[in-house]
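The structure that follows is given in the form of structure tokens.
Read from first to last, the chains carry the letters A, B, C and D; within each, the first residue is number 1.
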Amino acid sequence: MFKRILIANRGEIAVRVFRACRELNIEPVVVYSQADSEALHVQLAERAYCIGPARSADSYLNVDAILTVAQATGCDAIHPGYGFLSENADFADACAQAGIAFIGPSGDVIRAMGNKAAARKLMVEAGVPVVPGSDGAVDTAQEAKALADSIGYPVLIKAAAGGGGRGMRRVFEPDQLIPLFEEARSESVACFGSGEMYLEKLILNPRHIEFQILADSQGHVIQLGDRDCSIQRRNQKLLEESPSKALTPELRERMGAAAVAAARAAHYENAGTIEFVLDPEGNFYFIEMNTRIQVEHPVTELVTGMDLVREQIRIAAGLPLSRTQEEVTLNGHAIECRINAEDPSNDFRPCPGKIDFVHLPGGCGVRVDTGLYTGYTLPPYYDSLMAKLIVHAPTRLDAIRRMRRALEELIIEGPANNTDLLHQIMHHPDFIRGNYNTGYLEANMDTLLAWSRSGEEEPKA
Amino acid sequence: MFKRILIANRGEIAVRVFRACRELNIEPVVVYSQADSEALHVQLAERAYCIGPARSADSYLNVDAILTVAQATGCDAIHPGYGFLSENADFADACAQAGIAFIGPSGDVIRAMGNKAAARKLMVEAGVPVVPGSDGAVDTAQEAKALADSIGYPVLIKAAAGGGGRGMRRVFEPDQLIPLFEEARSESVACFGSGEMYLEKLILNPRHIEFQILADSQGHVIQLGDRDCSIQRRNQKLLEESPSKALTPELRERMGAAAVAAARAAHYENAGTIEFVLDPEGNFYFIEMNTRIQVEHPVTELVTGMDLVREQIRIAAGLPLSRTQEEVTLNGHAIECRINAEDPSNDFRPCPGKIDFVHLPGGCGVRVDTGLYTGYTLPPYYDSLMAKLIVHAPTRLDAIRRMRRALEELIIEGPANNTDLLHQIMHHPDFIRGNYNTGYLEANMDTLLAWSRSGEEEPKA
Amino acid sequence: MTNQEIFELMARFDQSGITTFKLNTKDFTLELGKGGSAAVPAAPVGAPAPAAAALAPAAQPDGPCITAPLVGTFYAASAPDAEPFVKVGDKVKKGQTVCLMEAMKMMNEVHAPCDCTIEAILQEDGALVSFGDPLIRYREG
Amino acid sequence: MTNQEIFELMARFDQSGITTFKLNTKDFTLELGKGGSAAVPAAPVGAPAPAAAALAPAAQPDGPCITAPLVGTFYAASAPDAEPFVKVGDKVKKGQTVCLMEAMKMMNEVHAPCDCTIEAILQEDGALVSFGDPLIRYREG
């Protein structure tokens, strides 16, 4: 096992990894930018080094500085957390060259999965379903028509050079395909000077479902169930739960098997996530693999009772997985809410600043992962995540009720945040029924914000 | 199910019950003394009533005031927590007479189990082992000798009127019995004017092992495993864990069956605890039954995944237990540390006062039950419990390591407390080996305090 | 002024809700201040109007008050259709009954603490009133 | 007023929730204040000496300092047995090399920001130094 691990990250995930190290009797070494000298991970650590100014490029993305500290302090491994250098293949290579274990997959695997076309090709070969479509450019409208007829409508036509909706058309009727294809191509030629077109199946109202996988250096690959991350705003996840209400046991089984096949195909090692879209008919398609620990990993920890960061460290140290697939059992239901320093009533404007007072929820079935404390100042340079509230209960409805009361107990005085929006979601009939997809938040935001406003006014009345 | 529950308690257990109510969609009504107007349970509640001045007798023990609030606010049940009125049979009767459900057993059951002689008799009839001894007074030295010979040595001779060790003798050798009996009796006559003597088996180096039971109104009785509460100071528990390292699976099975038999014999209903002493040879003896929720109930919640306060409320509402005995599974290991506002280096002097800053631990496998917040003032009128730190992990060693890091994260600025003493226990070889009994803390206090002092001096060096 | 006297002033100030303190005597001046207003948890998010906050440190009315000697229901009169014991402006004698507090079906008379004039009735008839809450404001004499 | 008495006042003030304190007597004036900086978590309980605390807001030495332009190992000389680039009391020219910082096997020269006199070498030779930490204190001219 490692003696000393450098934690190349900040915020709640740095604290999360720090805790796993302490519990494994591994000495954590932390690094921080000048803007983070008062951060909790620095306060907790016995060994902390400033690696540069506030700007991420000069600090948390500063490979030379991070490797310098790792070598000078005798670290035998680096945990990259999420974001920053966590999916940087060159950094993984640099660690390997420096003789330091990178807690994650190899640079080659990161590179392979980071290339969407290559990853798609690999999955097709492994028999994992991908969104049906042209594997390359479609040259003519007739070719497009034939392809669309074969994969079924609706389809999406998009220009290789397109953006902002330009050169893009949704086609619901077969006889509209040829005219719309020509229209989109003309638009693309006019706007971008390129007529290169692609075509793929249009997934309407998809769910975002992902599977957690673990793979060790001995070739064992297991999956730890699914997470439903469909509550998103502009592709930013806001709330995750496990298990998804959209999956039947049979579908869960099939998707889990596909996730394991995907990880095997990638020769994956360490913790990773296979992301799928799921259409309302129960068809699922691989979209990408995340080659790192995810923000939402605690929901899986609560339903499996496994410590994923601990597993990551064990895997990187060459140890086998602590459980076989048969030993993985999923118990109860978990929900995570991301408490962000952003103001929903003000177009989600980020709100860094001083935390005058914080009171975190606790008690039965409640977990909080955060870097906040009373008196801490949230710097404006990084993401707006303040805390993750995660609850676990025997049933989904119990978990929703537990999350409501946890959100009610949470008090953050200082920067505006999205606690109330999350609380309203917990009362929204479609959420309670589990009847939502990735369009949920956009479709219901006005309602949720109106409820939020009326709740605020009540005490004044 | 109940619509509204009055919580007749304060501190962390009032918050605990409050949370269970919120999660069941039951409206909690809280009461408080004048000294507790800033307490967390009052801050959280929408309906809170002051029931009297600081002194418990005038507030939390004020039956009339509590029933007045319960009736005036339309509560259909009262949760008494622990301490205060929780084992007051007359209060349970008064609730019943007022048509309000008392969340606990009936007054008659409380009364029966509160009388030690009656409870002992009941257990003997039910075949539950009790500490062998004279069921009443022993009249002569010869009678005492015959009894001692039959139950085996060592034995304890004690005067009915005795106290402070007077009139008490431990007898290890048979030929010492008669002279020591006469000696003790003479002492008792001289000191207390009474020669009434009892004799019982002396249990050397016992463990304090208790079993959690649940019994519903339909006659279902289940046990939820054991808790080892042997780490005590002057009969005050400081740290509890489940499962006990002292029990083999076979012994756990037998003790669990005895606990269920005991609860059945008492015609018990609601949550209760059967306390045993366990000698080093694996013999166990009933000592008493606690007819309420215990401070240390969260360790059982973590290993069973069951919410005991929720079960209490369900039982009182006439619902069946949510699990059968077969459905109860014990997973992993849990430890609770009681953080008390008392100064171990100053003979455990209570230290109420203002909490200038508090930072509670969090993350994977850590639960905190507390009424503290930054700025709160701990009043001097009640017990010194500040917070309960509870951890859960797959193995006992993992749980110990998790507790260490949780204790390291806990920061309370203001009143002195016992956090460091607990941290030292987590590093003590006998504790780590699970090799301890009720004499552990007294025997090791000097060592632990010395470690604590040396740790404190280090930063100054 | 001795340090001991200053300590007493500081302690009293510290415990009070007062945030600034200035004392001028011919010999010396003492100024104390408290910043920040130490945060206390606010009302639960999204919850209805926080009744507790209203109950807890009830805004202190001007002048002395007769407070509730126990938690219970406040009655201004001996029966639903009877005249109230006292009305604003009444002059009452020490020991005179000014209202009733019901707890556990028992009616408890509340008496005037001194000869006084009633200035305000602070509770609704039939309201559940916490221990120590002000019931009736009065002026001595 | 004796220092002892002032110490007592300071201690009492420090423990209290009071944030400003002014005392004027005919002989003297005493002002105490406590800044915002609400409590930050202290060192982990029972843990060895808190290195982080020492690193974080390193006690600011008197006078301007040359600070570490990157995190790395500090070297006062170009080789283990060579003379140090500068010694206390040396007068150096703007741009003159005053020490080396090693990061990733690369030696980075650190230069004097102006003509100055070296007042103190603040790091041990070979120590790992955080970005921005003071290396060498100087006096202009």
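Just so we're on the same page, a residue touches a chain if its C-beta (ideal position, glycine included) is under 8 Å from a C-beta of that chain, and two chains touch if they have at least 3 such contacts.
Here the structure is a predicted model, which is why all the values come from computation and not from measurement.
K.L.:
Shared touching chains for subunit B and subunit D?
P.N.:
A chain counts here if it touches both subunit B and subunit D, which gives A, C.
K.L.:
Of the other chains, whose C-alpha centre is the longest way from the centre of subunit B?
P.N.:
Result for the farthest chain: D.
K.L.:
Round to the nearest whole Å and give the separation of the Cα centres of subunit A and subunit D.
P.N.:
Spacing between the chain centres: roughly 41 Å.
K.L.:
Taking each chain's centre as the mean position of its Cα atoms, how many Å separate subunit A from subunit B?
P.N.:
For subunit A versus subunit B, the centre distance works out to 43 Å.
K.L.:
From the mean C-alpha coordinate of subunit A to that of subunit C, what's the distance rounded to whole Å?
P.N.:
Taking the average C-alpha coordinate of subunit A and of subunit C, the gap between them is 54 Å.
K.L.:
In subunit A, what residues contact two or more other chains?
P.N.:
Residues 44, 356-357, 359, 373-375, 408-409.
K.L.:
Any chance you could list the residues of subunit C touching two or more other chains?
P.N.:
If we look for residues of subunit C contacting two or more partner chains, we find 36, 38-41, 44, 47-50.
K.L.:
Hey, which residues of subunit D end up touching subunit C in the complex?
P.N.:
5, 8-9, 12-13, 16-26, 34, 36, 38
K.L.:
Once bound in the complex, which stretches of subunit B touch subunit C?
P.N.:
The contact residues of subunit B facing subunit C are 30-31, 34, 37-38, 40, 42-53, 59, 64-65, 67-69, 72-73, 373-375.
K.L.:
Taking the complex as given, what residues does subunit C use to touch subunit D?
P.N.:
Where subunit C meets subunit D, its residues are 3, 6-7, 10-11, 13-14, 27-36, 38.
K.L.:
Could you pull out which subunit B residues touch subunit A in their complex?
P.N.:
Going through subunit B, the ones touching subunit A are 15-16, 19-20, 22-25, 44, 298, 301, 305, 307, 309, 322, 331-332, 357-360, 362-370, 373-375, 393-394, 398, 401-402, 404-405, 408-409.
K.L.:
Can you check the complex and tell me which residues of subunit C touch subunit B?
P.N.:
38-41, 44, 47-52, 55-57, 70-73, 102-104, 106, 128, 130-133
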